[in-house]
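Labels run A, B, C, D, E and F following the written order; every chain starts at residue 1.
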Amino acid sequence: YELSVNEGFVTGRVNGLAVMGQDSGIMLPVMAEVTPSQGPGQVIATGQLKEMAEESVQNVSAIIKKFSDQDLSEMDVHVQFVQTGQQGVDGDSASITVATAVISALEDIPVDQALAMTGSLSVRGDVLPVGGVTHKIEAAAKAGCKRVIIPAANEQDVMIEDEYKEMVEIIPVSHISEVLDVALEGEPEKDSLVDRLKTITGSALPKKGVRGPSSPSPQ
Amino acid sequence: YELSVNEGFVTGRVNGLAVMGQDSGIMLPVMAEVTPSQGPGQVIATGQLKEMAEESVQNVSAIIKKFSDQDLSEMDVHVQFVQTGQQGVDGDSASITVATAVISALEDIPVDQALAMTGSLSVRGDVLPVGGVTHKIEAAAKAGCKRVIIPAANEQDVMIEDEYKEMVEIIPVSHISEVLDVALEGEPEKDSLVDRLKTITGSALPKKGVRGPSSPSPQ
Amino acid sequence: YELSVNEGFVTGRVNGLAVMGQDSGIMLPVMAEVTPSQGPGQVIATGQLKEMAEESVQNVSAIIKKFSDQDLSEMDVHVQFVQTGQQGVDGDSASITVATAVISALEDIPVDQALAMTGSLSVRGDVLPVGGVTHKIEAAAKAGCKRVIIPAANEQDVMIEDEYKEMVEIIPVSHISEVLDVALEGEPEKDSLVDRLKTITGSALPKKGVRGPSSPSPQ
Amino acid sequence: YELSVNEGFVTGRVNGLAVMGQDSGIMLPVMAEVTPSQGPGQVIATGQLKEMAEESVQNVSAIIKKFSDQDLSEMDVHVQFVQTGQQGVDGDSASITVATAVISALEDIPVDQALAMTGSLSVRGDVLPVGGVTHKIEAAAKAGCKRVIIPAANEQDVMIEDEYKEMVEIIPVSHISEVLDVALEGEPEKDSLVDRLKTITGSALPKKGVRGPSSPSPQ
Amino acid sequence: YELSVNEGFVTGRVNGLAVMGQDSGIMLPVMAEVTPSQGPGQVIATGQLKEMAEESVQNVSAIIKKFSDQDLSEMDVHVQFVQTGQQGVDGDSASITVATAVISALEDIPVDQALAMTGSLSVRGDVLPVGGVTHKIEAAAKAGCKRVIIPAANEQDVMIEDEYKEMVEIIPVSHISEVLDVALEGEPEKDSLVDRLKTITGSALPKKGVRGPSSPSPQ
Amino acid sequence: YELSVNEGFVTGRVNGLAVMGQDSGIMLPVMAEVTPSQGPGQVIATGQLKEMAEESVQNVSAIIKKFSDQDLSEMDVHVQFVQTGQQGVDGDSASITVATAVISALEDIPVDQALAMTGSLSVRGDVLPVGGVTHKIEAAAKAGCKRVIIPAANEQDVMIEDEYKEMVEIIPVSHISEVLDVALEGEPEKDSLVDRLKTITGSALPKKGVRGPSSPSPQ
């Protein structure tokens, strides 16, 4: 079953992108909700996350805790990777997707469902490069999305086929503040939030990655 | 031993549905109780839950914590999958069953025992599709139930045999508020509860799932 | 060594029944004590409990926490399966034994030692069926007990040999309140306790189980 | 190295007895100390305890928490099995040794070092039978002890060789209060402590165990 | 992808150095952020750290907790080893890198990105020797860094090739206060911080290590 | 690399001794630091400690908690076994080394670096025998130390070669108070600390161990 949502605005729901096998992408949504905590506040992530994915959620939590208006010590943050089944979720390329879903839920600002995104994240807000961007962009296009956010450092990796070129707009970003500026609906609340996020240092990273000879391909 | 209950109204008890092997369904009840906590409040689920089932209980807890009238920080929520034996419980298709049992126990509103249900749940209240709906509906009918709740996204998957068609009414739902509106007894308390639950965003999901070519069959 | 106690009244001690191998029962006592807690209050069970047995203690704790007069948040509840050795304890058929021992210790009301019992328990007080009732009843008779409590849903399973028929009285029950009414000594304190326990919903379950064709035999 | 102490009185130190291999006993001391806690109060046992030994310490803690004059919620109880090496400690036959060492440390009353002891313990103070009593008594005699405490239920198991008969006095006990009456030095403080411990129910157990045909030999 | 940053000043980001395989170095950044805690304050390190790396973060935390102006009991310290992928991080040679990143984030003082560093750390501030310094220095030079910090005890191990000799300045250090004096930007704040750190005892260690005959080569 | 320090006085640093393989000793320092805690106070030991070594740190903590002037509930005690590499630390023979390092850090009294030591410890302050004393003494002599503390119970085991006899003074001890009297610098503070430690009971143990026929050789 594939429950694509590709239009409208929904709070706490973001279209993520993953790679299946070697040469195929898939759109997988991430949902988030923020609730009063039962014991001490915690971040609870489901979808059978493997270690790198669990750690990517911990990295996202640094940004959430630093920039939230709200006191998270008595709140639970729920993150759900939907429809990942028994194989679960690996890697850290959904970091910006998780961050966007949680901030949308926390601030109660809807997210554009005609948008899909992929990108890793540093604890200070830099958007870091990921693998498989070409396959992911094609998956977003096939699912009917109009725009796709990718890391600026991955711009040179995009080898999209002609048939998709007119279907989707590709938006390279290098900081989480840019992601939210693109993804969130509405203006005054969003702008103050984006301004707050911009104060993180993440400007150290170049817009384009320098590919070294023996560098591994994180996905 | 099969202890079917298929009539009357009972608080904290809901008829769930599971698939056994490849082509057979079974009705398995879920029971819930809410008590003062001993240490910090927690959700305690028994019945030898495997990882996906444990995570489905965590997802349900997001909805409980968000929409309960009561302060859960000093309460324990007990969820018991009854008669699951050594093989235990896997998958997330009992999520709406667990949610209904816990809300019934918390709010002290009885649940219709002539009703059975199956459905996964997002942390924001969407009812998500599951596998094996045809076998599950037949199991509910054989056990004497009059109504069965299934995810709206599974409506197209129902290939029920003629002999069962008149025995059970099939009720497709796409949000947890609809589940409770059908399952709970009584009116004023239920209606205010259902209204509260309706305010969750879950309206993003289409009533009918779009089946993609290579999509996995979650069960 | 077999330290059978089969007469008199003792607080915090209940004669349980277990199955050894395929066709032999054994009487195994459960002891309980309630103390000031050291850290946050907890339930501590010893006797090398395997997972189903640990979960049965968690289910019992739901009933204890709900119906105790006392604040358990600063108390530890100790449950000891005596003389289980290296092989430990499995299954959930000692649930009513554990519940009776703990309530006896908490309320300081002695338990009849001429009584043995077996039965699983729901978090809402229903006594659920178990396996091996015939062998268990015979073990209780051999150990000199005069009465045996079994789940009402197991009544049809009793195939007791003639030699034991006059030795033990079989008492079928379907709710934890009936167990305590039979097991505890004294009247005024017991009756108020039993009345409190009766208010749990457990009346949904039929007195006699309906055996389905392919149902597993929990033990 | 064998550091036997077999005379004088020492606080927080008790001579325990263990079985090595099939037919040899050894005297192994247990030491205890009670300190202000660092985090929440806890019982900390060292000496590479295996599961049954860890559980025996938990059972002992029930008695300590119930009968201590002091508030243990801000105290740590340290229990050290000395010189057990890499093989560690298994079984529950040192329960009364641990209880005596901890109570000696808590109440600051010295323990007779010319005494050795073996015995399991229920959470309510009953001394339960153990294995290997004959070998253990001989080990105590060889180590120069004058008295040995054993469970009353093991009295019939003592097949001591003539050479040891005049060396050691064998003291059968059935309740922890008797152990402390024998082991602790001094009078007024000890007597009030022993009286408090006597109020536990442990009187249900017969002084002599009834050996059943197929009973296992706990050690 | 290799996202080298080799100029400017960035808060909470430090260029670390690691050895890949037998004879090749790599520059790997460490990032840190300090946020209000959700539950009790903790140090959260990501990048698939193996046991020695986890322990090196614990050792660093001793220095952070001792010398921070701020109360860390309600703060979370996030440490991220960036781009380590599935193979993760082992060893303790990034200890001074982690310490510098966290102190930069805590005190909000930028770090020189034209600097790379390697070095282990004692809980009292001594910089301890590491393996692979020659390969690491070459990697820093190739990545465009102008200066490299190494442990004074490793000075004798540097066998750098001529082509790199003019590219990088090698700065041997024996105490964490020297590392920060070199790495941090600005003056008044830095100097008071460095002075505070100098009061740690770490002066016991000689500037040059004495290589013993059978000593292992920590890396 | 071997970073021997064998002269002067340093706070929180003690020269320990270990055995490598069958017939060779090595001097390994232990360092300690005490800091404000982040969460609840705890003892944090690094150096890849195996179970016996972890337990020896727990035993040491009993003495620290009992005899410290300071409230440890809001302090973290860091213990670092330096340069143990991937093979880590096993056994309990560094117990007195750890105790001395922590007490030095807590009380801020320097430790003699011309001294090395080996010895296990009971929770009440007795110094217990260890293995390999001869090889350890030789390692201390080779490393330039002038004095070596060993357990009194190991005095008979010393078979030191003539070449070392004039290099090192061997100091047998039976209680932790003697260790600190030898190791710590200064007088008034040290003497009051040593006096406090002397009040522990540890006097039960004989100065010389009695070697039994089948006793194991703890190391």
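Definition applied: a residue touches a chain if its C-beta (ideal position, glycine included) is under 8 Å from a C-beta of that chain, and two chains touch if they have at least 3 such contacts.
Quick caveat, the model's predicted, so the values are computed rather than measured.
Visitor: Go through the assembly and pull out the chains touching chain B as well as chain E.
Guide: Correct list: A.
Visitor: Determine the set of chains touching chain C that also touch chain F.
Guide: Chains touching both chain C and chain F: D.
Visitor: Give me the rotation angle that lays the C-alpha atoms of chain E onto its copy chain F, rounded to the nearest 5 degrees.
Guide: To map chain E onto chain F, rotate by about 60 degrees.
Visitor: So which chain is the furthest away from chain A, centre to centre on CA atoms?
Guide: D
Visitor: When chain B touches chain C, do the two copies use mostly the same residue numbers, with over half shared, or different ones?
Guide: Looking at both copies, the contact residues mostly diverge.
Visitor: From the C-alpha centres, identify the chain that is farthest from chain C.
Guide: When every chain centre is compared against chain C, the largest gap points to E.
Visitor: If you average the CA atoms of chain A and of chain E, how many Å lie between those two points?
Guide: 30
Visitor: Just the number, please: Cα centre separation of chain C and chain E in whole Å.
Guide: Distance between chain centres: 60 Å.
Visitor: Give, as an integer number of Å, the spacing between the C-alpha centres of chain D and chain B.
Guide: 52
Visitor: Going by the contact rule already set, what residues in chain A reach two or more other chains?
Guide: If we look for residues of chain A contacting two or more partner chains, we find 40.
Visitor: Chain contact graph: line, ring, star, complete or other?
Guide: Ring.
Visitor: Going by the defined touches, start at chain A, step to chain E, and keep going round the ring. Which chains appear, in sequence?
Guide: Order of chains in the ring, chain A then chain E onward: A, E, F, D, C, B.
Visitor: In the complex, go through chain F and note every residue touching chain E.
Guide: Residues in contact with chain E: 1-5, 8, 10-13, 20, 24, 31-33, 35-40, 44, 46-48, 74, 76, 78-80, 82-83, 85-87, 113.
Visitor: Residues of chain C touching chain B in their complex?
Guide: Touch list, chain C to chain B: 40-43, 51-52, 55-56, 58-59, 61-63, 65-66, 71-73, 75, 122-124, 126, 128-129, 153, 201, 203-206, 209-212, 214-218.
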